[in-house]
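Next, two complexes with chain A in common: one pairs it with chain B, the other with chain C.
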Partner chain A sequence: MLTLSVFIISCSSDDDATELTGNGMVKIEFDNSMAGDDLLLGSSYTNSQNETLTISRLNYIVSNFRLTDEDGTVFTYPKDQGYFITSEETGTTEVVLMDVPAGRYTSLTFGIGVDQEKYLQGAEGQGDLLTEAESTNMMWSWQAGYKFLNFEGTFTSSTVADATDFKIHMGSHGSSLDNYKETTLSLGTEALVSEDMTPIIHLVANASNILDGENKISLTEQAVIMVSEEKSPKIAVNASNMFTVDHVHNGDGGSH
Partner chain B sequence: MKYLFWMPLLLAMVSCTNDDGEYIAVGENELLTVTLPSNFPPMAYNVSENPPTKYGFELGKKLFYDGKLSANGFISCGFCHEQRFSFTHHGHQFSHGIDDLQGTRNTPSIANMAFFQEFAWDGATNHLDLFPIIPITNEVEMGETMTSVLQKLQADEAYQKEFNAAFEEGGVNHTNFLKALAQFMVMMVSYNSKYDKYVRNEDGVSLTDQELQGLSIFQEKCANCHTTDLFSDGSFRNNGLPPNPNINDLGRAEVSGSPSDNYKFKVPSLRNVALTAPYMHDGRFGSLESVLNFYQNGVQDSPTLDPLLKNGNALGISLNDDEKLVLIAFLGTLTDDEFITDKRFAEY
Partner chain C sequence: MKIYNIVLILFLGTLSLKGNEIPTDPCSKLNSKGLLLYDFCDTCGCSGNGGSMGFGTGLNNNFFGLRYIGQRYLSRDGIFANSPWIDENFNTVQLWTQVPIGQRFMVNAVLPYQFHTRTFADGMEQNINGLGDATVLGFYQVLQQNPDSIVSIKPEHTLQLGGGIKMPTGKFDSENLEGSVNPSFQLGTGSWDYLLAANYGLKHRNWGLSFMVNYTFKSENDKEYRFGNQLNYTLNTFKTYYFGTDFALTPQVGVGSEHFEKNKEFGLEVNDTGGYAFFGKAGVELNYKTLALGVSSMLPLAQDLNNGKVEAKNRWAIYVNINI
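On to the complex of A and B.
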């Protein structure tokens, strides 16, 4: 199996080497990390702001997947099936897109969170997402909305000696602030989809970026950030920029 | 398919605006006529997404009055939203929830909710369907989880049948649960007060001289915020109430995170206002006299005070005793006895 995967990867730049037909699946792995290290709940990580974080929870909603092929044709995943909650605690870190038309896909776009259009579909639009959000601590019940990101744990810093709880809950603020963001990633390698080929797109989510990305968020300054007109949009930008494509496995989707 | 079939009926309903309570047959279930009073602005709720039906409405009503929606089984929506007080919690400054816990805000009326875009004192949701999540999951109100409520309802054979009767795609699930509650609320239109009949020239109803003077003062001094015949523009404003130091409720800023929204609360509708004491988001005033005295003398300046309440150094609204008297007489004409006694909405 391994040799077969290697063989396929080596051939992937040869256009027309394989006729891709039918519909297939795409698996997207969200591999959570902390600045190059594997993210393990309960372990501690020190960031560039000299704050040491011990993480107990990292859940986020990813949504509205779109795949673009070599010709620029965009496949948009059906919106009513397009919302997924990833959770490090439960090990739910893979998104499987079904019924994707055969093709050679070169880039992936998705959202972090829930867009206003979906929210304003009311009861009809939410379906099982409400249930799932509630069971994964992603329902923001007093706002009757969704937490797009739930990042929790404890931290210490040069001025905070005792491990202190931090809670980062980010979502849209009712009708006043929309924190839904999208990101587009070039896959580097074409992801080949057909009735027999299921690529695995292995993304790395660098969770360190949530506080220590282009916007610097100091937990020492504020350890509980839930609704902040200033900080929540910065966290939303940081989170939307935490994803990179590590590699793409082409093959039958069984090996990784 | 469903919408194609119903859309002509919905259009037909719009044309018979004040004709409530008429049922239009649709298969075994029946589509209800949603009231769109001719003196109201357009409805904000998209009825075509969730058209009220006989069984959907009845299910919503049963849910509204069912204590199963709370953790201890006793606190229904109707516990705090009592019909005879226009669905408020009369005499209670704050909402009382499970285990005798108290909230920090006064129960607002749920009349005419389908005509508004934002819900709760701070606009914590901008869709009526999703509003019930707030009180159900609030620890000091109903203290439940949505998942647990659904499990209780799923285990109940009567509910299984009622959910299936109410919705083409049956099943006891969140979508249908929230749709049923919304259907019940969408039908709660209060539009038959003395004032309404006067402005619509119905039944030869007229206002007294005192009430007319009150209306005139109202239009001059109150109607910038309490606009239209909904008597609210739905905006969030700081009306200058000194914050309660024990609570320091930031209002809209709790939702938006913006200091520019500090102490702003939704402008409440004044429909049935004579019935809905106590007043303000925290129920601090026991009478309309006290409310008017506050606007005359009690408005406190702050960075977010509404500009309409600040003219140079003068704060609040200038009102003399005669004006207060006639204003209260006018506000009394907003009481809709038909609404508060409408059997369709009654618990028993």
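On to the complex of A and C.
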């Protein structure tokens, strides 16, 4: 009995010991999927509308990142550095936020696309974003504006037997129709930032949601959707709801 | 392999013997007391996923021995439904011993050496090998068998209560946490862990039953990673067949279960950790004088490990012990 009682005194380490100081980085991984499967360009996926999509391109602009900590304090990333283009083709799917104050962050907010305030700064106010958007097929023309989302490939359906091209280019229409949307995601756990801790926030972007989200968009009905006052706002809503947090990996940020 | 031949010869040899008679000679040299070796160890790489590969327990049997344990896991490399599975093989060789201290105390110690491999979907292989976490347990025998008789008419109960410590002699490498869901691909937890254990044994004639349960409190290691506390229990039944005075054969069947709390990193719960696995077990031990040879196998019957992202496959063990 003596032995037993000795070992009942177990270890209980105090967890909240980590002191977070200085400024650090936050990495945000945009891992594209199709309804639970990894999105692989060239692979086929069938959605609830019985359309089978083979995706060749998925690019989108994410912007205006804000991190909220456990006390509700919001850190807003500097707007002039706040626009990122992710691309499945080039494997550019990680956004790195620099100079983030140390803390325990619990939620993340960001926009999909380019807000009117930025757009209305004019061509000279766009910085590198303009040339970057042009080189990644994310720009119609300066007048028409940015493509927030460029989703392309081929599809078949019950009535479309031959693989047919589809193009979903969604953005604001100049300044006449604003399709910029924001999303706020709870991180589920705390993302710990300090001068030597760089969390990786691993997001899943379910691209199936673009056509097959709360708004159902049939490619059989219309396979090329660009400037459409009816359909593009629906796609904007679907796209803004395609993000979820899979997990947060705390550590030195080296790899997941 | 030589050892297989020996096992085979002994097996065949015993079959030709008359068999299944309880020796009446109380001075029998045969030291078999069935599959009553206390076994507690983390068979897995680290105690993230652990093993309780043991046969039952119950007797004051003192020995030292060598044991090999092989475990196989499949673990999901990625977060998606179509992410590839990684094949993981955990191999452990253990030096283990049990020695009495006085009438009612005994000490059980295990020193493992591990060599683990995993193969990624692209064919790349990763190997880790080295010392695992050494464990020392002390037991107090609350109920013990009458040492003067080998075979008693009445059922005999044994009960041991104890506890111990698992030392971070195995390396914990935080790099191995990366790129895979299974955080248990490690040589050790890197932490000082504490154990409580209870073993109950019941023997009647040549039948036996054993129940063992243990709980491991795991602490945070210096990488601020903490594996979840672990509960193991096993229930075994066995029957010993005696062949003359020198041989005994003890087949056994049983079930075992392992339950894991979630791991923590930097004090925060880690996704896709924790869970349980429930195994069916079968094995046999062959005794010749002071020598014991055993093989056993465990097959998972039900499990939910790491949110379904780790799947335990079969395990098997082979051991040789010398009773002292």
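Keep in mind that, in the parts below, the second predicted complex is superposed on the first by the 236 of 256 C-alpha atoms of A that agree within 3 Å, B and C clash if a C-alpha of one lies under 4 Å from a C-alpha of the other, contacts with A are read in each partner's own complex, and residues count from 1 in each chain.
Please note the rule applied: contacts are C-beta pairs under 8 Å (C-beta built on N, C-alpha and C of every residue); 3 or more make two chains touch, one makes a residue touch a chain.
Here the structure is a predicted model, which is why all the values come from computation and not from measurement.
Asker: Give one of first, second, both or neither to describe whether A:Gly174 is in contact with chain B, with chain C, with both, or with none.
Answerer: first
Asker: State whether A:Glu70 touches chain B only (first), chain C only (second), both chains, or neither.
Answerer: neither
Asker: In the overlaid three-chain picture, which partner chain does A:Glu89 touch, first (chain B) or second (chain C), both, or neither?
Answerer: neither
Asker: On the A-aligned overlay, A:Ser228 touches which partner chain: chain B = first, chain C = second, or both, or neither?
Answerer: first
Asker: Give one of first, second, both or neither to describe whether A:Met139 is in contact with chain B, with chain C, with both, or with none.
Answerer: first
Asker: For A:Leu120, select first, second, both or neither according to whether it touches chain B, chain C, the two together, or no partner.
Answerer: first
Asker: Which residues of chain A touch chain C in the complex?
Answerer: The contact residues of chain A facing chain C are 1-4, 6-8, 10-13, 15-18, 31, 33, 36-38, 188-190, 192, 197, 202, 204, 246-247, 250-251, 254-256.
Asker: For the complex, which residues does chain C have touching chain A?
Answerer: Within the complex, chain C contacts chain A at residues 78-83, 105, 138-140, 161-165, 174, 178-179, 192-196, 217, 219-220, 224, 226, 264-269, 271-272.
Asker: Note which residues of chain B are touching chain A in the complex, please.
Answerer: 46, 49-50, 117-118, 122-131, 133-134, 136-138, 145-147, 150, 173-179, 182, 252, 254-259, 261
Asker: Write out the stretch or stretches of chain A touching chain B in their complex.
Answerer: Result: residues 119-124, 126-128, 130-131, 134-135, 139, 141-145, 173-177, 227-230, 232 of chain A touch chain B.
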